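Both complexes below contain subunit A, partnered by subunit B and then by subunit C.
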Partner chain A sequence: MKVLTLNFLTCAVKSCKSSSDSFPLHPKDAELVSDDVNLNPQLLVNLLPRIDWNALRTTSTELGFPQLPEQPPSAEELEADEKMLKDLHTLLMETQINEGKLVCGHCGHEYAVREGIANFLLPSHLV
Partner chain B sequence: MSRPEDTLAADIHYDDVEARKYTTSSRIQNIQASMTRRALELLNLKSPSLILDIGCGSGLSGEILSSVPEEEGGPHVWVGMDISASMLDVALQRDVEGDLLLADIGQGVPFRAGAFDAAISISAIQWLCNAENSETSPAGRLSRFFNGLYASLKRGGMAICQFYPKNDVQKQMITAAAVKAGFGAGLLEDDPDTKNVKVYLVLTVGSSAVANRGGDITGVVDGMDNVDVLDGRKKGKGGKGEIKKGSKAWIVKKKEQMERKGKVVKATSKYTGRKRRIQF
Partner chain C sequence: MASSSTAALPSSSAADAVAKLTAASAETENETEPAAAAEAEAEAEAYERTHVHGVYEAIAPHFSATRYKPWPAVAAFLRSQAGGAVGFDVGCGNGKYLGVNPDVFMVGSDRSASLVALARRRWKELQNRQATADASGTGGEASGAAVTTDAMVADGLSLPFREHAADFVICVAVIHHMSTRARRQDAIRQLLRCVKIGEAGQAGGQALVYVWALEQGSSRRGWDEGGEQDLLVPWVLKSQQKQQKSRKGAKGEGTGDANAADKSGEAPPTPAAAGASEAAVAPSHTDPVFQRYYHLYRKGELEEDVLAAGGVVVSSGYERDNWWVVAANGLFPHDRR
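Showing the complex of A and B:
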């Protein structure tokens, strides 16, 4: 499960839909792996406006990475700066959660992650 | 041969044995590959995008998404959802590049608003037309799925869902649920009226997705050869007549006709065509 996906994933419980605490999900007891992925600068530039930067800062701090800058880079800055591109690529695409739990900030529901796959099957009373 | 969704639920049908059979069958691989390519053609993505693969299974379509060459707008990054752990296991073994989620699409799509550029689904959503237990209804599952999908797509995004409808009722059920969720919806049928018919549900989020024909869904197939457009939507008042049968205007017209024929006709007054008290 890439860090990129964590930036989009929310809690699936119905009562959490209206709350802003249900995003992002907080990794707990997370085991990270690093995977080699080809750098795709076009994709990163395309996704940049849609990435929730504050959520990304929260997630990266929770995973034990150094704090990201407060403001996201603009598209031109990103295209120009190779190092920033590579760093963002490493964080978003190559850093992956292999095992652990994802906890909702609102309802506290924990989603288990096994071998990189998160289990989002909900018992019917939560749907 | 009965349809798999008539016998068992999706997560039970696709156990380890079935998952292996499905993924290693070259016939299935070929069919799934051609349907994925057709869906990509309809999506017409110009640059590498974030795609949601609904019912990704063992990643047969995901692999194609990851290997779209740069000249054709690729390669794409995808996130897949499937209800069968066995199928996802096979996907892991094949080392697919997309992220996998074990989830029931009938429970919703757990992503924040405007997350995905596009969504693709190959041979999956017909499973929503079956209710596995008394707590859920097909209509409920369909509406939860389409509402979730609508929210998680960006404005101007598109979703292409190839599915196998059992009958016309299912087609209607699915299309109605999609329209109710807010999508612009159309059905594309490849090889219609043959045994090999393939049905694609083409969904647009907002009219900016389709730049031609004033944002109408039929613009998706603009410029494609061999596609006939059958528009079943009502076009408002038709050509035949504008006067509604039974209304006062119609009654007056009928009285004039009779008078011209020479019949005895009562004079028209304020009581003509008046709403009477309901007798029963």
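Showing the complex of A and C:
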């Protein structure tokens, strides 16, 4: 489960969707691994406006990465800043939650991540 | 998507089961008893657990080995997306669509943990090949843009995706596995919740849906207009050995190493990739047979379901035994549950 993916996920429980507490999900006991992924600067620049920056800041901090700036860089800034590109690439594309849990801040349900795959199937009483 | 099976006979048991499920849910609509509605829903779920989820878990490697080629029209839809677009593949199976367009970010989900594991293995291999090719400067087909994708286990009716965040969604050969019309429409509603809502000067996101058609006049399956729409379609789990032409007999149960078949790229050699076992010999008595539930869509039905789900039809059509539709959100999607 990539950190980038986490930026597009909320709790699977329907009644949680309307609560801002259900996003982003909070990693717990996360074991991180890093994959070697080729840097695609254009993709990162294009993805930038689709990323919820506040949620990414939260996730980044919770996973123990250095604090991200309050505001996202502009496309021009990112294109011109090789270090920022590399850092974002490492965080978003290469860093994976391999084992651990993702916790909803609204209902408290914990979704397991095993061998890099998160499981969002709900127990019947939560469907 | 087309099945890989011997000619499927309309199964009265599927029709009966669905009639019962439908009656149960219709009954409850007029009642005030929410418990009855919940019970009907639980029955439909249990039916799908047996006749859809359980089957895919059991046949995953074999199924995956016959599903390695993206459909041209789906691939074209994916390639038409703008660079940096974010897309979800609901019911991604073995992930054959996840790496089609390297300029977008795709996230796949599937109800079957076995298929998701296969999907992940598949793109990790691709990713490693790319990294190696780039490092050694050999280039070739494996180099170039990185594969940026991910996959997870989720139910199509309870998706974990952030709402209205995706530029596009695809859902290929999935919704026809839901056993009541209410559930099929709900599945489309969930897809529409994933894609962006259009704003002034900016088009909303689109959902591409493919389902099996009732009208298959040109196929060998023998289904056509006016026929039974709710069927159990057998999947014959042929042993891998047999598929690869060694004459070991069907005793070697299971599927062998489907991964090897994947890697060699020469898994079931059939034109449509889909008709694998169809073209093969009749099943021997020892080949296990799994019955998958299908609802075959009649002409116009998919569009009706999109409208019932609160969506609008952008375009629709028929291709190779399937109906497809590109749907988007209507004007007031926030009223939806």
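By our rule, the second predicted complex is superposed on the first by the 127 of 127 C-alpha atoms of A that agree within 3 Å, B and C clash if a C-alpha of one lies under 4 Å from a C-alpha of the other, contacts with A are read in each partner's own complex, and residues count from 1 in each chain.
Please note the rule applied: a contact is a pair of C-beta atoms (placed from the backbone, for glycine too) under 8 Å apart; a residue touches a chain by one contact, two chains touch by 3 or more.
Note that this is a predicted model, so its numbers are computed, not measured.
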Subunit A as common anchor, with subunit B and subunit C clashing or fitting: clash
First, second, both or neither for A:T5, with subunit B first and subunit C second: both
Which superposed partner A:A75 touches (first subunit B, second subunit C, both, neither): neither
If touched residues of subunit A are counted for subunit B and for subunit C, the larger one: C
Touched partner set for A:V127, first subunit B, second subunit C, both or neither: both
Which of subunit B and subunit C A:A118 touches, first, second, both or neither: both
Touching partner for A:V37 - first (subunit B), second (subunit C), both, neither: both
Partner chain in contact with A:F23 - subunit B first, subunit C second, else both or neither: both
On subunit A, the residue positions that both subunit B and subunit C contact, one per complex: 1-2, 4-5, 8-12, 14, 23, 37-38, 40, 42-43, 46-47, 50, 52, 93, 115-122, 124, 127
Touching residues (chain side subunit C, partner subunit A) in the complex: 42, 82-86, 88, 102-103, 105, 107, 109, 111, 113, 116-117, 120, 124, 127-128, 130-131, 134, 145-148, 150-155, 157-163, 165-167, 337
In the complex with subunit C, residue positions of subunit A that touch it: 1-2, 4-5, 7-14, 17, 23, 35-40, 42-43, 45-50, 52, 93, 111, 115-122, 124, 127
Contact set on subunit A toward subunit B in their complex: 1-2, 4-5, 8-12, 14, 23, 37-38, 40, 42-43, 46-47, 50, 52, 93, 115-122, 124, 127
Interface residues, subunit B side, partner subunit A - complex: 47-50, 75-77, 79, 81, 83, 88, 92, 97, 99-104, 107-108, 110-112, 114-117, 133, 135-136, 144, 154
